[in-house]
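Think of it as A, B, C and D in the order they're written, each chain with its own count starting at 1.
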Amino acid sequence: MKKIIGSFVFICIVFTAFAQWPAMGKVEYKTMPSKILNEDREYAVYLPKNYMENTGKSYPVLYLLHGGGGSHTDWPQKGSLAGVANQLIESNEATEMIIVCPEAGKTFMNYFNNPEWQYEDYFFQELIPFIESNYRVIADKKHRAIAGLSMGGGGTFVYASHHPEMFCAAYAMSAYLYHQKELFWLNTDNDPVQKKIHQLVDDNNCVKLVEYADAGKVEAMKTVNWFIDCGDDDFTLRPNLELIMAMRQAGIPMQIRIRDGGHTWEYWHSALYIAIPFVTDCFRK
Amino acid sequence: MKKIIGSFVFICIVFTAFAQWPAMGKVEYKTMPSKILNEDREYAVYLPKNYMENTGKSYPVLYLLHGGGGSHTDWPQKGSLAGVANQLIESNEATEMIIVCPEAGKTFMNYFNNPEWQYEDYFFQELIPFIESNYRVIADKKHRAIAGLSMGGGGTFVYASHHPEMFCAAYAMSAYLYHQKELFWLNTDNDPVQKKIHQLVDDNNCVKLVEYADAGKVEAMKTVNWFIDCGDDDFTLRPNLELIMAMRQAGIPMQIRIRDGGHTWEYWHSALYIAIPFVTDCFRK
Amino acid sequence: MKKIIGSFVFICIVFTAFAQWPAMGKVEYKTMPSKILNEDREYAVYLPKNYMENTGKSYPVLYLLHGGGGSHTDWPQKGSLAGVANQLIESNEATEMIIVCPEAGKTFMNYFNNPEWQYEDYFFQELIPFIESNYRVIADKKHRAIAGLSMGGGGTFVYASHHPEMFCAAYAMSAYLYHQKELFWLNTDNDPVQKKIHQLVDDNNCVKLVEYADAGKVEAMKTVNWFIDCGDDDFTLRPNLELIMAMRQAGIPMQIRIRDGGHTWEYWHSALYIAIPFVTDCFRK
Amino acid sequence: MKKIIGSFVFICIVFTAFAQWPAMGKVEYKTMPSKILNEDREYAVYLPKNYMENTGKSYPVLYLLHGGGGSHTDWPQKGSLAGVANQLIESNEATEMIIVCPEAGKTFMNYFNNPEWQYEDYFFQELIPFIESNYRVIADKKHRAIAGLSMGGGGTFVYASHHPEMFCAAYAMSAYLYHQKELFWLNTDNDPVQKKIHQLVDDNNCVKLVEYADAGKVEAMKTVNWFIDCGDDDFTLRPNLELIMAMRQAGIPMQIRIRDGGHTWEYWHSALYIAIPFVTDCFRK
């Protein structure tokens, strides 16, 4: 009997291993130093299956941002990043690319600069240069894209608005676009610290960012391929609709999807199946 | 500064909590005794959001089988069971139901009876009765369905064939239907123990099960709504095509899908979005 | 040679006929008298495949409205109504139902009452009663739904708002919701006749209809299952976004989809694949 | 009143016209001379919206074949060719391309050479050269694809097998692959003329074509991107499954989809949404 089980277990291991048999793209977890933030920063990076062998090849790159209170492990673990990317590349709906998930979120001071936390500076002055000198990425606007969910959707929009010369595509999922005071747990009227924080959030109000954009900024924003994706049951829906109207008013083209769902990982997992082919199209154009 | 972080963290926790704010269906992990297998067996159970409150309501039930070498935690953790079910129920594509994931797999002796491991007996004589006396399920064929992946896809097919009076619907994903000797890691010619094991597998060869079915068995099988779903890059594709041809030859109707993908969790996760509405349709008929 | 061609042609006819071989649901074109409009009115009606045989069975009914300048033949001919309905019923995504396409559009005076054209009165006082006494429909709110595109999307919304006691579901596609003066071909400032007409359109401004609804009307509207579907390139997008915001402000739940596309039949054809299962879900609840 | 109607009608015309307002790709119906067939042949051609203006640009080309007993107007009229292509190009899921629908079908002597009807010769020796000298197409394998339904699915497979050096992609929908005698209306045992005809069909038996292919032919076939798409209720399903198994046995990679549906235009219309992006991917590689 033991022998039987032994054999079973052996097969079982082989069998389980099978899923990984064909070379597949994989996620690695790493750290990098940051002078601006004065500490090491973690990140996750998806490398397509041929990355190690094709040493002569360079790849386009997608920066993929997590949500408020999340971390760089969210997309790989809750969003099945490698599984989705492998599936899309295998079927040629996506081109081989490198996907970088920064870590910005163990507190709420995510993506925006403030005196204690110059994250946006870190992102542009340290993270992107670090990636471009440590991985074989094609380091131009045409092959660089950004996407993110919730707070990372807001970050996506703000970063690509501040630096339209950097990204060919920006995909915002369920984006948190300004301080939504009507949500009771974000009503901070009686808390001076919260007030200060949300002042920072509102300094990066995406709707106003578009409404106040001058002609030059609008023209620059038109060079980015925008995508706004938000669930019909999401608490961020109203701000996203306002953003859409502001962008249309300003004459900035974009793709829009309102799909069935809420502020959930099922939504973002399925969004990834749209986002990766979308940025692929932009890379391939 | 500490105060700021404190506030941030507070919001962060509240914010993260938000995802769980609305009552949602959840998965619980439990054990049950088994005389037949002479040990406690684990299982996972998904209970829809209104289960605890609606004490007067009974629910249809879906038995959802894992693959070879897997366990009852696979569907909840790798397959995002609760997320998918909640999403589908929320949008009314699925009816509220109870979903039971048995544990059959820490060795390869999964779903089929053999002298050391009478699992099929356990399933029908102990597990189903246990579920029906401990949960508010509607205990009839019209409200009982079965589904599974790989070895559990084979198990799904065999169980619903052996007991067509028990299930209104059977959904087999990437089903492993007989010993595929052409796959080198399943070539067991030189290993007597393996030979014995695979003899058991082949005793439950699903294609032959259909080809050898007599008229009465075929008529009984027609009372089940069958669904065969397999990826176009899956190593089980050929046996699945043979099964389809055998069933058509026998005149047993079925739904068939060959979709893009391989023997991967991305495939099964997306299959769940088809399977749960499919069994819902059968429950609602 | 002639003989060969003869044989070929014979097979060819049989072969072509094959598509119609299995009994299928069909569209019929008919007329009915109208005292209110003082003329016969045309309509198209889809009857599911078992309608003639199952003389003891009654069916739910969907009223499906065409767009401005269109007619009752649009959905059957440009929208492939029978093909879509048959496909959905065959796969059980839809229940068997009767689908009625009224004719309201050879001029622009479509769906709203005005002194010369009391179409809304005709619809509720003559068309619905006529259908319910001439076809085997289940004549209650739970089994009656309405849907439509463009002007018919506006009509759908207005009718179901005026008579929420009549419909369990209302699905508005690319709905034209008020006079969009910013579109140059609808700028009617210098034309007194146009001004009068668009005054009528604006009397049925859907956004205002919601914004001005009192508490009782809002409660009544909540008894309808609403669905708003509009393409991201559609010139009606902005009013649809405003309607969505007004309904959310009023607390009226709805399904929302913004999908890829414009004001085109490709969009409406694909919308039908969502609308018919949606009303089916409402019928089945 | 007349004035009102006049104004209405005016708007109505403008409004209806709107759908065509933005420049859109269009289908034209033309004829060309054929020495081989000794008569003029009709064809339809879809030209993308920028075709007339971009006189310096050349396009990839897709040959799109109709079914048995059909004609070159089928895809444009029953399959909404221009609507689908415009929608896909607009959203960048497809690249701008020229699509040619030949006319091969007013009798059953469709796509295969026989003494009275050298259609395959016409296709390769006259049609393709005619298109390439009369339209701005990129005349190489990498930018030439073929697709078709039913008899045209068989034609697609045979043409791309006979001339793998000509096409980068071949997409067969619901392909009729050999004489299916089990279908009673194709049982030709007692009709010598039919027997002769079906002998020709069986001379182009696609399954045997693969089974009998020598190593050189198999290698050549691997240079084509194949796609087999067939509905689960289609009477051609079994031969398509056999073809899939033969190709896998031969080691020829392909995409496979078995989707919900039968031998209907709803199926082929939806197939077009897969086929055009698929050939686009091949053009873009």
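Miscellaneous remarks
The criterion applied here is as follows: a contact is a pair of C-beta atoms (placed from the backbone, for glycine too) under 8 Å apart; a residue touches a chain by one contact, two chains touch by 3 or more.
Bear in mind that the values here come from a model prediction, so they are computed numbers and not experimental data.
Over half of the residue numbers found at the chain C and chain D interface occur in both copies, marking it as a same-residue contact.
Chain A and chain D have centres, each the mean of its CA atoms, that are 40 Å apart.
Centre to centre, using the average C-alpha position, chain A and chain B are separated by 33 Å. Multi-chain contact residues of chain A, defined as those touching 2 or more other chains: 91, 255, 260. Under the stated contact rule, the graph of chain-to-chain touches is complete, every pair of chains being in contact. Those residues of chain D whose C-beta lies close enough to touch chain C in the complex are 1, 3-9, 11-16, 18-19, 68-70, 80, 83-84, 86-87, 90-91, 107-109, 116, 185-186, 191, 193-194, 196-197, 233, 235, 260-267, 269.
Chain C makes touch with chain A in their complex at residues 232, 237-238, 241, 244-245, 248, 254-260. By the touch criterion stated above, chain D contacts chain A in their complex at residues 91-93, 255, 281, 284-285.
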